[in-house]
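You will see subunit A twice below: alongside subunit B first, and alongside subunit C after that.
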Partner chain A sequence: MPDVAEKMVNQDAEEMVTMTYVEAITDAIRVEMQRDESVFVMGEDVGVYGGIFGATRGLYAEFGAERVRDTAISEAIIAGAATGAAVTGLRPVAEIMFIDFTTIAMDQIVNQAAKMRYMFGGKAMVPMVIRTPTGTGRGAAAQHSQSLEAWHCHVPGLKVVMPSTPYDAKGLLISAIRDNNPVIFIEHKILYATKGEVPRGEYTIPLSQAEVKREGNDVSIIATSLMVQRSLAAAELLEKEGISAGVVDPRTLYPLDKETLLRSVQKTNRAIVVHEACKTGGFGGEVATLIMEEAFDYLDAPVMRCAGLDVPIPFSPPLEKAVIPDENQIVSVVKSLF
Partner chain B sequence: MKNEQLLDMYRQMVKIRYFEEKIVEDYAKALVPGLAHLYIGQEAVAVGVCSALEPSDYITSTHRGHGHCIAKGGELDKMMAELFGRKTGYCKGKGGSMHIAELDLGILGANGVVGGGVPIAVGAALSAQMRKSGQVAVAFLGDGASNQGSFHEALNMASTWKLPVVFVCENNLYGISVCQKVHQNITDISVRATGYNIPGLTVEGNDILAVYHAAAEAIARARNGEGPTLLECKTYRWRGHHEGDPNQGCTYREREEIEQWKEKCPLKNLEQKMLKQGVKEADIEAIQEEIQQAVLDAVEFAINSPFPEIEEAQEDIYAS
Partner chain C sequence: MAVRVIMPKLGLTMTEGKIVRWLKEEGDPIKKGEPLLEIMTEKIVTEVESPGDGILVKILSFPEEVVQVTDVIAIIAPQGENVDAMIQEIEAEKTSTEGAPAPVEAVVQEEKAPAAVEEEVAVAGRVKASPLARRIAREKGIFDKLERIKGTGPGGRIVKKDVLAYAEKEKTELTVPATTVETRTEPLTALRQAIATRMSASWQTPHFYLETEIDAGPLLEMRVKINEALKKDNLKITVTDLLVKIVAFVISENRYMNASYTKEGIVYPGEINTGVAVAIDEGLIVPVVKNADKKGIRQISQENRGLIAKAKENKLGLDDITGGTFTISNLGMFPVDAFTAIINPPEAAILAIGQVVEKPVCVNGEIKARTCMRITLGLDHRAIDGAQGARFLAALKETLENPLLLSL
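Right after this comes the complex of A and B.
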């Protein structure tokens, strides 16, 4: 449920419409481009083609080639030009076709965009968004299926957002575009086709605000992106076995809304963290440690992680499926706490 | 060139064409998971270049790599099995279409990353130079890839150190939906050689003899220690960017354009040359029949092969 502050922002929004996650993303960009001339889109195949996952469909027709720019296949310049444009007054919304290819843009993201304001003594502002799809599920193998959010969470100066529903995707993307800092906006390929109720028009969801997606009394499942949906399904299964599981979605991974997470753990006294990314060095380790440091006295069991295996993503479908958590794995990790 | 040599090249081209046509069918039947970027229309480039290489030479390939791998000696059944995600495939089903590799054939991998293979070819050439092995490396890349920093950095190092590498740029006029005019302000990509002080030339990529002769010369230069060459081959992909690209890409290109390029079919081109030179039609047909069967056998092999065991997902991460 959206909290009170969010509802106030929402009061201007018109009626709800059913949209897919990818349509919600396009809608957010459209709303911001209509509202603010300084917003523009660039990336590979974002123009006539509308993005390989369709996230910019219709924008080229509406706004033209000046504001919806097809680039060469050159991730370093996409991120770098976004940085340069942002620091000089525009609000680029750049697309990197797969999060795997942010690796090619890493200098510009990590060493340049993220640190510019700090290095310049607070003088610069870098209001840019890099949208990028993440995750497995499409048989795209080791170089097109990674979950690299933790890399980006390790860089002060960046914000890292990972929506799990169409509603969140739109509200968070509008906030990301309005934010005066570089935001890595990570979209899940498998979520693109999922549908949900989304307000028509403008509304925002504040960055760094987690949401309790399901209330529970016995355990908190803290999950990100696609794993939020799987955790909700796991919570249903657990319910049948008499375990009341809450699901908390941080939505923004960095900077993190610690309070909402800790409040949930203080209530349920047990927690697991679920993500698709490899377990080692993943976001789950950070959340588990946070809970240990700040809510140890509330815990009745160790905080556990349910995460992807520490392997590159294999191509063969049975293997691909096996290396990331599903409902049953989440259920069994939860049960191990009791 | 002798008739037998022409027929050998023709056989390789037919292998690629029929293999890819089979993938069209099998992809539609959901037998091939993930992404399949087909090479139909570009066969003369892979075969022309690889025919001028020694078996011990290296290639690095791209996301559109089936043709390069077959031309470098890849076996259809192991390729098919890999595309089907089976344990008997070239990469035990772990790599799929975009990662086919066979080190014994000098295939240092297809590649999922645009521009990702080019530096690796430079490294293989460096190794060949340092080991004094006499091997040459070829980096295949697309027009789109010629805008990546990796391409430019690769040319610079290769030129500076006079490495035995040939950069073969297949200019098929598009990187996914973005046509060359939109992604770079040049027509002939070979001009990019100038900035690195290496030879750059452009050839008709659907004419296998043109490709072969240009490649043979560049490879000879490389082997003689005279350094790298950038060879641009003008060609065209007939299918969409990958299987599933709606309407064979007609959201961003004209159907007439596709038809015009089909007129310049690289297989037809060689067939005509062979007939003119006195090759018997029956010999050509025999090859077609042979390969048709070989492709069916490959599918049979793939379908009857098991998927990898789940535990195998955790193997092959580190060398012992």
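Right after this comes the complex of A and C.
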């Protein structure tokens, strides 16, 4: 059970402090940089400026220019250099300013970072993390608002992590930094400002461990990132209508904790998958198919996807809001199953 | 013009009939010749057809009521015709003949509770059920009944709770009666009442019984031979057919067996009419083969077959079951070796036939395998004495074991 495992790794954590999601990320990097000299930060404006969303704020002052490195405005260089550094013994924590820009880094990520461990028979390790913000909500338009996690999930050799709370963000990022494989660590812009209780000091959350964020009996809402929060809000609304909805956050998309997901569906017999990414080719199709393949006989209704529309994200705030699932939309999809 | 429906006289001896049930209700339209009600006489239920066209405006006699023949039991009139005057007239007739108005007790015949009709959902083609619902249905062995389950999911999809609810319902419907068989009272049918009355009356008769075992070999052999001969006519005779013939033949040679005790004296009927007890779903009935002593085996067989068929279809006429002078009751098709039957009054004797059994028999100091049959003669001691019965039984045994004697 996740709770038990976490408590065990948390035994060294001294106390809980309230911090934001972005502070939890900074804290995770700081803890790891203090613990392990091979850990370093690189990216556009991550040094003095502290990163576009402030995720590396204070690190430059604490660890200096050599371990907190500003790079050229080239995502290909960032990803390539990080891969090289990782293969040669360092543990880079690279930042790609928007997940949209990982497209420029794709050759390095897909063809180099993801392949080396396999192609060198396990002799090469690629202990790198690419942190990158995802999603809508800031009026950043079509080239700065996408949700491209499914692209990365499609590449064997990469691990893909998507935390939804400050607590998860810190524990998962520490695990990601310690992992000997390339990890795409996807943070949500809107979640950066959300606050939560986070242990001071180091603790880890194993990669590939989903968490049931809310227990429910009638339907399992499987949601990622920002949609976890919206699904929890939807579950509150559903509760008032007599539907007991559970919310499950995979937290790590690849490798996926199938057992926790399936256990929930086997209990509730109904599932919907909620994500911000557009529906077609999205991660929701993967989860829905998994449930169909492995829990078909437990289903009392089709697995539905509640996802972003298949459109480029509009710049107009009302339209931007309209193309992404909100609580009411989640509620109505759930209700369509009854 | 209103028509009076009367209790019909269906046989020469019929004086009254009991209303079994009305096939129409007051207010129903009816055509001449359409079945209107069922009445019972003796042990026979007969359908009575409507004597006219119109509306069944008034029913005057109700189920279980015994009505004299020709008494008016209903009125059929054209739509709108007032029959009050006619009803008064009929009531007046009754009052004058009986002195007091007949108590009209409406005994509503107990009807079977309507079978629980499952709410059927007709779905064209494939039944819409969730995978989970299908799995549960499969596990509970009700997969083939999915189409009977009403789905409460979106678009009428059958979901888990629908299957569980159905299974639960089925469980209560199926297992509860199976595990707890409740004591119940089956209302007496008219036939059952008639059997009870006649058997109770007969029980007052001082019965005595004489039993013997016969070698049934020759009789069975004769049957085989006759059937071989009748094959070309596609006919088959039964052991009972042969018994009817042989019994009637032996009675004709021992007329004292054809008797009926009455207070006025012992009546010896001129005809030898042999009744054969037939089990039907509702009980027991004894159709009669008249003058069996004078008929050939082929004719007896054909008559028997017709009577049995009519009995099973409840179509026996009054004349088919009256006038018997001697009864044969054959339980040989069951593993019954022998039994003592109750005399069917006003007859004075009854012959009970047991099963044919192959067994070792001592013949002239040697053990031989023989097909044996035990026959038991029940007698009314008021009309027939032991020695008479014994002589008859001896003659019967002799003829049964040597059926050639029939030809003498």
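Keep in mind that, in the parts below, the second predicted complex is superposed on the first by the 336 of 338 C-alpha atoms of A that agree within 3 Å, B and C clash if a C-alpha of one lies under 4 Å from a C-alpha of the other, contacts with A are read in each partner's own complex, and residues count from 1 in each chain.
In this section, contacts are C-beta pairs under 8 Å (C-beta built on N, C-alpha and C of every residue); 3 or more make two chains touch, one makes a residue touch a chain.
A quick note: this is a predicted structure, and the numbers were derived from the prediction, not measured.
Student: Using the superposition on subunit A, tell me whether subunit B and subunit C clash or fit.
Tutor: fit
Student: I'd like to know which partner A:Asp300 touches here: subunit B for first, subunit C for second, both or neither.
Tutor: It touches subunit C, and subunit B stays clear.
Student: Taking the superposition on A as described, I'd like to know which of subunit B and subunit C A:Leu337 touches: first, second, both or neither.
Tutor: In the superposed model, A:Leu337 contacts subunit C only, not subunit B.
Student: So in the superposed three-chain picture, is A:Asn269 touching just subunit B, just subunit C, both, or none of them (first/second/both/neither)?
Tutor: second
Student: After lining up the shared chain so the two structures overlap, which partner does A:Tyr49 touch, if you call subunit B first and subunit C second: first, second, both or neither?
Tutor: Once the two structures are laid over each other on A, A:Tyr49 reaches subunit B alone.
Student: Considering only touches as defined above, state whether A:Gly308 meets subunit B (first), subunit C (second), both or neither.
Tutor: In the superposed model, A:Gly308 contacts neither subunit B nor subunit C.
Student: When the two structures are overlaid on chain A, which partner does A:Asp100 contact: first (subunit B), second (subunit C), both, or neither?
Tutor: In the superposition, A:Asp100 touches subunit B alone.
Student: Of subunit B and subunit C, which one touches more of subunit A's residues?
Tutor: Partner with more touched residues of subunit A: B.
Student: By the touch definition at the top of the document, which applies to A:Ile73: first (subunit B), second (subunit C), both, or neither?
Tutor: first
Student: Put simply, what angle do subunit B and subunit C open at subunit A, by C-alpha centres, to the nearest 10°?
Tutor: 130
Student: Can you report the least C-alpha distance between subunit B and subunit C in the superposed arrangement, rounded to whole Å?
Tutor: Least C-alpha distance: 27 Å.
Student: Residue numbers of subunit C touching subunit A in their complex, please.
Tutor: 130-135, 153-154, 157, 159-160
Student: Under the definition above, what is the set of subunit A residues touching subunit B in their complex?
Tutor: Listed in rising order, the residues are 44-45, 47-49, 52, 70-74, 76, 100-101, 104, 138-144, 309-312, 314-319, 322-323.
Student: Using the touch definition up top, name the residues of subunit B that touch subunit A in the complex.
Tutor: Residue list for subunit B touching subunit A: 33-35, 85-87, 91, 93-96, 98-99, 111-116, 144-145, 147-150, 175-178, 182-184, 251-252, 307-308, 310, 312-314, 317.
Student: Can you list the subunit A residues touching subunit C in their complex?
Tutor: 269, 296-301, 336-338
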